[in-house]
Every structure is written in structure tokens, then in C-alpha cells.
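Residue numbering begins at 1 within each chain, and the chains themselves are lettered A, B, C and D in the order written.
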Amino acid sequence: MRRWKYMGEQVLDHGYVSLVETWGSDKTIIESARMSTGKGFLGWGPMHKTDCPRRQMLGSGVRVACDCKEPGDEKLLAYLYKHHHTTPFEMAGATFEIQAPIFVFREWHRHRTQSYNEMSARYIPLPDISYMPTIERLQMEGGANKQAQGSGKVTNAIATNFQSDLEEFYITVERIYQEALRNGIPKELARLVLPVSRYSRMRASANLLNWIRFLRLRAAPNAQWEIQQYANQVSIQLEQKFPRTMHLFLEEQDEHGRTS
Amino acid sequence: MRRWKYMGEQVLDHGYVSLVETWGSDKTIIESARMSTGKGFLGWGPMHKTDCPRRQMLGSGVRVACDCKEPGDEKLLAYLYKHHHTTPFEMAGATFEIQAPIFVFREWHRHRTQSYNEMSARYIPLPDISYMPTIERLQMEGGANKQAQGSGKVTNAIATNFQSDLEEFYITVERIYQEALRNGIPKELARLVLPVSRYSRMRASANLLNWIRFLRLRAAPNAQWEIQQYANQVSIQLEQKFPRTMHLFLEEQDEHGRTS
Amino acid sequence: MRRWKYMGEQVLDHGYVSLVETWGSDKTIIESARMSTGKGFLGWGPMHKTDCPRRQMLGSGVRVACDCKEPGDEKLLAYLYKHHHTTPFEMAGATFEIQAPIFVFREWHRHRTQSYNEMSARYIPLPDISYMPTIERLQMEGGANKQAQGSGKVTNAIATNFQSDLEEFYITVERIYQEALRNGIPKELARLVLPVSRYSRMRASANLLNWIRFLRLRAAPNAQWEIQQYANQVSIQLEQKFPRTMHLFLEEQDEHGRTS
Amino acid sequence: MRRWKYMGEQVLDHGYVSLVETWGSDKTIIESARMSTGKGFLGWGPMHKTDCPRRQMLGSGVRVACDCKEPGDEKLLAYLYKHHHTTPFEMAGATFEIQAPIFVFREWHRHRTQSYNEMSARYIPLPDISYMPTIERLQMEGGANKQAQGSGKVTNAIATNFQSDLEEFYITVERIYQEALRNGIPKELARLVLPVSRYSRMRASANLLNWIRFLRLRAAPNAQWEIQQYANQVSIQLEQKFPRTMHLFLEEQDEHGRTS
């Protein structure tokens, strides 16, 4: 597949988001929307005097006063986006490969319009990689979601203590897991000790409309900080392929941030 | 809700499957299928002499030779089922409440046509309940799925040993979890230590077609034994409400069992 | 099916919307949402002094100052609705039987989350019923959707003229159709002459979230007037079964009407 | 979009199927399936002695007896396909542009997993193009679907007569339609006279799994002959991009043909 380009970027301590492939474009979204009236893509704009089509008809040597203000198709794109004409945005899409802790995938998989293929601990032992939050993360004031928060200020001592509990815990997990596998306990049962902080890996594919719906929930300030980091990477990588559509999403996100 | 009836049945050591509600019936499936020809439900059969409608018109005291062999609508139901005329089976459905270990829910949630609402460890501490497989389960020869199997015979000693490892491990998990919560570590991070054997709880709703698709995969002999137990309970409870449709599913399962 | 209740109401000249069945309730929506925190339905409110539970514990004869302001669960329902916590609204639903012109069904079927079973002109001749718009309808100023409008004022004469053209046309259609059928032209080809104004019939089933999404588009002022009439009937009949949820939808529609 | 390639092929008298774009490949299907075990794509095979990896390690000048019979990944592809491991086939897909009569689109749109953008007679007058079946088509014995058939032998005289009825009918339709539009009747009402044989146009996008499901129903001998012609074109064009997967579909179709 010629278009494959590894653009994986690290997320958290051991995770990544890697764009496998995209299809469609800002332009095919316009083309699809224009099916309703039988017209095609007209061009991005707004058209400036220098590329005014009427001017070009006069020949390149002719200077002409042109008040041509015909807006380009980004005006239609914005109209579609803001008035929830959603189907044209289903005509583009993207596939990602993602490595993330199980608790992140648990939230991710609630998005039922994506296609998933994930590593399975029934078939191979999961690699010994688990998520260790930083001191700063443990002390975060907790963003927009109060229900998810702790009951008070997390001191340096408490945070450090939790980290060393986790470190020791992860060693215990791996010891029991490996011993069980060595003793012939079926992989599908040996995995009972794996915590939701263990990393797994998957491919996820969806159309652009549904990636944006994913981002609306998971890049929002009340999403858990960890999945926000993944959503932000997805957003950055989509922006490179669908700059005009993602611009509309980012604008919406800004407005939402200001009003909520 | 008057129709609520607790029919929960225990599954595994601490789980359950409880039917919250059903809608539609074997009959409404027929009615919907008959939309295509504008006819309605004609009646179950095959009609026997004793309940022949022509006979009844003669009065109850009259004995009459009746060669009425009009097949009833179960013939249409079987035709729809076997020839994959699927939409009529979307006109009925069921909602269940389920308590199961996280690794079971991880498989369950891959069924993207169900609606889910699950307990969230971001918002409340998960109860201290984890799955402990029995000796017999640990020694099972592993059914149809060889990839999931262990590397040899699990002796009594190995099984018992794994059980006591798990028991001790679950105590360790709970100790770290509770201490973290007590120290004000946010719930969404304290949960990092929770293993996939921890029980969670959810409601799941789907139409009958999609419950049957779930059962085809999860009541099959190559599914993990634990989710098979849940699928069997779902199947038993659906059978009480949709006896004719579920009879067709069970027949299909039998045939499949014989040929594979 | 005991719950079946014919509540069909006429729509347009020959159509109807008839509620076949609903499942779930405003209350089960709350119950499902509360799965996340492990609590159930608490009760509708706001609780007034007279039904304050603390007061009741004192006995009915006792007058007591009560500052009980515990809000009821409609506060949670409104929060879920307004903050797009959508899955609990998937835990209820409804099935309708609808008779409508083909052009209405063409728009309806773009809603891909509903289940459909429709009469098929491949299998039976469609009844000789077609839609005849009234003079008033033909003269409507065309609501919010300018693209769909005509090019000027429709006079009485023009409207009457179009009506008689239609009347004659429908007779021609039926004549050719019946002759073709009589001559043994396959039904699936004889139907080539049927216009999109011909009535067809179907059952449609969806969960409440997706009925509301249908209504957002089809009860809106820029929807075609004919499908608006169907959407309004769906809305009225859902309101009888899900009064609190539909109240939130109607409020939203009012606000939207004022701002757009 | 560099990959755009007009490959439209005529279908029926005035229709076409044109591939706009594909994504993924037989290879990415394998890569996605291998996520479960953490391995990637290994290569198509079966590997012959000349490209045996062990041989290559010995250097190109060395002749070596090699009994390497390692089958390639088409074995896995066939296994996935035949055992209904469906999600990997969701990791590829295609978008088509299609021109077809409305009655064909009515059947097409029942496939709710595709994304559609269609020309709308609310917004522009539909071009004056309608479907005229050939004499041969009118006389077809009607394939597998008896319900759809006519009541006897269609003679040449009957077929020719139906054709001239249609021809005259289409002229009548266009006359009333244009007069209504000219008189300012809204487009959304002027269209009431358009028959289901009138051509419309759309883009349709779906993943490969769902295109195959579409083909299973619409390329089958009991589908209406007209949509079969479209399905066959979709199949031919997919075969060029996904030769190994489509080979499995065509094999399945052959087997089905022989047994049913």
C-alpha cells in the first residue's frame, strides 16, 4: 500500500497513535454534498481578484477592476458542518493503529461506529508494559469532571507512594502471570491478574464524521486525561489530511470551551 | 414499570443475568414480515383436526372428517430464519441487566449493535468482587479453541496453587485500591490496579436479530467458557419469551454442533 | 400481544401513523443512566412538602416544617438530555405502522438506525391510492427551505389545474398498470409506471434516541411539509408514552424555533 | 485526489457504476486480523522454492534442496472469510457513484450500513431520463423469485405494446412536470408525477464487508434483474482492487449457485 506512512507519535509512557491510512478529502466531501443538486466541486476560495474567473476570460494582460467576491466551497463546507448535514462527512475516513492501556480501550470501544481489531490475551501473552502516571498527573486538579476526582490534595508523598505501590504491584502481576503460563494454565485464565493499566494494541477505522464524534467526547475537558491525550493525537493527524474540516472542528471546540 | 420482573439467574461465582424487559413476539415478527404482501398474522399451526376452524364452524358436538392440512405461520417463521430474511427479527428485542467480570464485558462490548450502560470506576469504587475459577474449570481440556489453551495438563496441585495466588492477589489489589482512594488519589487513577477479573455491572439492550448474532458467537463451543455461561443464560431467558424463534436458533446450533 | 393498541391517526389524504408498541419508559432511562454509579431510580420530583418522605415518617396527622428540597429524577433526565448522554435513551423505543406516499418513505429510509418492513410492489400490486395535495398546500409560501420552493405565487387557477392534471394522470397510471398486470407483465416491471406519490405501507422500529433524531430533522420547519405531518403524529404518540423525555424534546424544538 | 480513476461502466439503458475510490487492500485485511496475535503480514504464497526465505539466507548462488511448503497468507484470508471473522474486512472499503432508476435505489437504500448522498428532486428538477426495459427483459422467465413473476408467457406483441405505453407515458410525465415547474408549483410537489422508473444519481460508500453483504443479496439470482446488473458491476470493479477477497466471494457464490 503506497500511501502507508508511519506517523506514529508517542502518547503517555508507552503508547502511540499511528495513522495507517486515510480516504476521501475535504474536496470529496463537497463533491458528495453536491450530489443533491447535481453540481460538483467548484473550488476553494474566497476567490481573490487575481484568480477571478471573469478576469481570466479577459486574458492575462488585461488589468480590470473586479469586485468578484464569490465565496469558495469552504463556505459550503462550513454550512454543512454547522447545520449537521452529516452524510457528506461519511465519505472520508481514517484508520489508526493505537497502543494504549486497557482502561483507555474500554472507553474507546463504546464508540460503536468504529471497526476494531485488537490484540487478544486469549491467544498471546500481553507484553509486560503497564501505565505509570506521573507525579504531575496524580496531582492534577481534575479538570471538568468532579465525579472522577479524588477527595483532596494529593501531596508529593502520597503520589510517590502510589507510584511505588504500582511499581511493586506490576512486578507481582507479571510474576503470577508468567508462572501460570509456565504451569500450563490456559492463557485465557492466566490473564485474570492483568490490570486495566496493562497496554494492549489495536487498529481502529471509522469515517470522518464518526472520528469527529469520537473527538467531541474524548478531546473534551471532562474526558479522562489519558484518553484526551490519545484524542489530541488523532486530531493532530487528521488535521494534516483534512485541514478544512478539522479547522471547523477545532473552531467548534474553542467556542464550546469559552461557553462551558 | 409494571412489566419489570426479576428473573435473574446466577452465572459464575458472583455474576448474574436478569431480564429487564422484552418487546415484540414471535407473532409480531410474522406481522412485520407480512407487510411485504399486505397480509397479517394468520395463526400458528400446523392446524390439527381438533382445532380446525372449519370444524369449529360446525359446532362442538359434531364429529367430522377433516383433511385440513393448512400449515401455520411457523412455516413462514422458519423460512425467514433459514433464508436470512433478517429485518422482521429486528421488530422484537430484549434488555438485560448483567453482572460479569471485566474480561467478559470486553468481549461483550465488541457487539456494536447493542446499547450499553455500565458501572464506571471513574465515578464509584467498584465493589470488591472478583472471579475465582474452579479447579474443574482450570483443568478443562479447552473446547474448540486451541489457541486459547494451556501448554499441558493442569494438575490439581497447579490449579490449587493458581487459586491461592489469585486469592492473595485479590487481597493485595483491594489493599492498594482502598489506600489510594483514602489518600485522595482520583478514582479514575486508583482503578489502575483493578484486574480484568473484577466484576462490573451493566444493562444491555438489542433487538432479537442482534441477540441471536451475539449467541451465535458467544454460545459457540470456541467462545471462552465464561462468556458461554452468560450466553446460555441469555438464551434460556429469551426462549421463554420467543419460544418459536429461539427454537429455530437452538436447532441451528445443534446442526452446527454436529457438522463442525 | 396484549399491549397492542390501535392508535392510528390519519395523516394527509390517505395515510396514517399507528403505534404498534413501545418499550421502556422515562423511568427505565433513569435506571439505565444510574448504572454508572450503581444507584437506581430515586423518584420523580421535585418533592413537595406534602410528599416529603421525612414527613411521611412522622405520620399523616403531624404538621411539620419541612425544608426538603431534594430535586427529583427529572433533573437528571434533563441533564442527560441536554448534555448528550445519549445511551440511556437507547433503552426505550417504539414500533409504528405507517401508510405514506413513496416520496415520504424515500426520505424516511435515509434514517439508517430504524428497522423497516415495507409492502413490496414486486410481490403484490400496490393499492390504487395516490397523494393529492390540497389547494392550500400548493399555495404554501414554502417554509424555511427556499431551495425547495416554486418560482412565484401559485394562483388558484394554477393550483386547480395541477390538481386536475394529477387526477387524470393517476387514472392513466392505473390503466397502464392494470393492463400490464393482466397481460402477464411481471409485477416488478409493471410497477415502472407507479409515481412517487403512490401510497405504500411499512412498519418502522427504533429506540427512543433515534426517534428523537428522526424528529429533529423531520419535524423541523425546513423539512418537506408532508413528512412534517408524519413526524408530528409520531411525536404526539411518543409523548403519551414518554411524557418527560418528549417534553424535553418539545422544549428544545421551541428554543430552536425562536433562535433560527 | 490522485487515486481517482473514472472506471464508470454503463448499466441498463442510461445508468452507470463508477468507482470513485477504494481504501485498504487484501494485505491490510491480513494486517488487521494479525493484531490479535501481534504479528503482521507475512506474505502471499504458497511460497515456492525460489522465494523460500531459508534459501535466500544461503545466498543467491547456492542451490539447495528446500522442502519449504509454508502456505502464504491467502490461507489465513480464506479462513477468516469462511469462518465469519468479519471485522478485518471492515478495514478496507470503496466509494462508488451510481446512476440508476428510483426503484433500484429504493432497494439499495435498505442497506443501512452504506453512506449515501443522492440527487434531490426537492432542489433540482430530475433530468428527463427513464428506464425502458428491452423486449428480452420483459420476456424473461423470471429467475429464482416466483412471487415477482407475471402470470404467463409475455408475447412479442404484449412486450412491444407495454414499451409503447411506457414511451407515451414518459412523454406525458415530462409534459405535466415541466408545466408545473413553469407555473411555479414547488419542485417538491411537481415531482409527484415522477415514476419509480426515473433515473436518479448518488454516491454510496461502505467498507468491504458491507459491500460483500450487499452483493450476497443483490447479485443473487432471486434479486430483481435490474439491481443484479448494478451488483455485478460493483463486483467487477471491487475485484480489480481486492482480487483475493473477491475471489473468495465469487467462489462462495458459485457454491451457493450449485447447491440452491
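Rule of thumb we're sticking to: a residue touches a chain if its C-beta (ideal position, glycine included) is under 8 Å from a C-beta of that chain, and two chains touch if they have at least 3 such contacts.
Just so you know, these numbers come straight off a predicted model, no measurement behind them.
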Subunit D and subunit A are one sequence twice: same or different residues at the contact, by the over-half rule?
same
Can you grab the rotation angle between subunit C and subunit D? Superpose on CA, round to the nearest 5°.
180
Averaging only over C-alpha atoms, locate the centres of subunit A and subunit B and give their separation in whole Å.
33
What whole-Å value do you get for the distance between subunit A and subunit C if each is reduced to the mean of its CA atoms?
35
Among the residues of subunit D, which ones contact at least 2 other chains?
110, 116, 123, 147
Applying the document's contact rule, which stretches of subunit A touch subunit B when the two form their complex?
101-103, 106, 109-110, 112-113, 116, 121-123, 130-131, 133, 137-138, 140, 142, 145, 147-154, 158-159, 161-162, 165-166, 169, 172-173, 176, 179-181, 183-197, 224
Parts of subunit B lying in touch with subunit C, wherever the complex brings them together
1, 20-25, 27-28, 31-33, 35-38, 87-88, 90-91, 93, 95, 115-120, 123-124, 127, 201-203, 205, 207
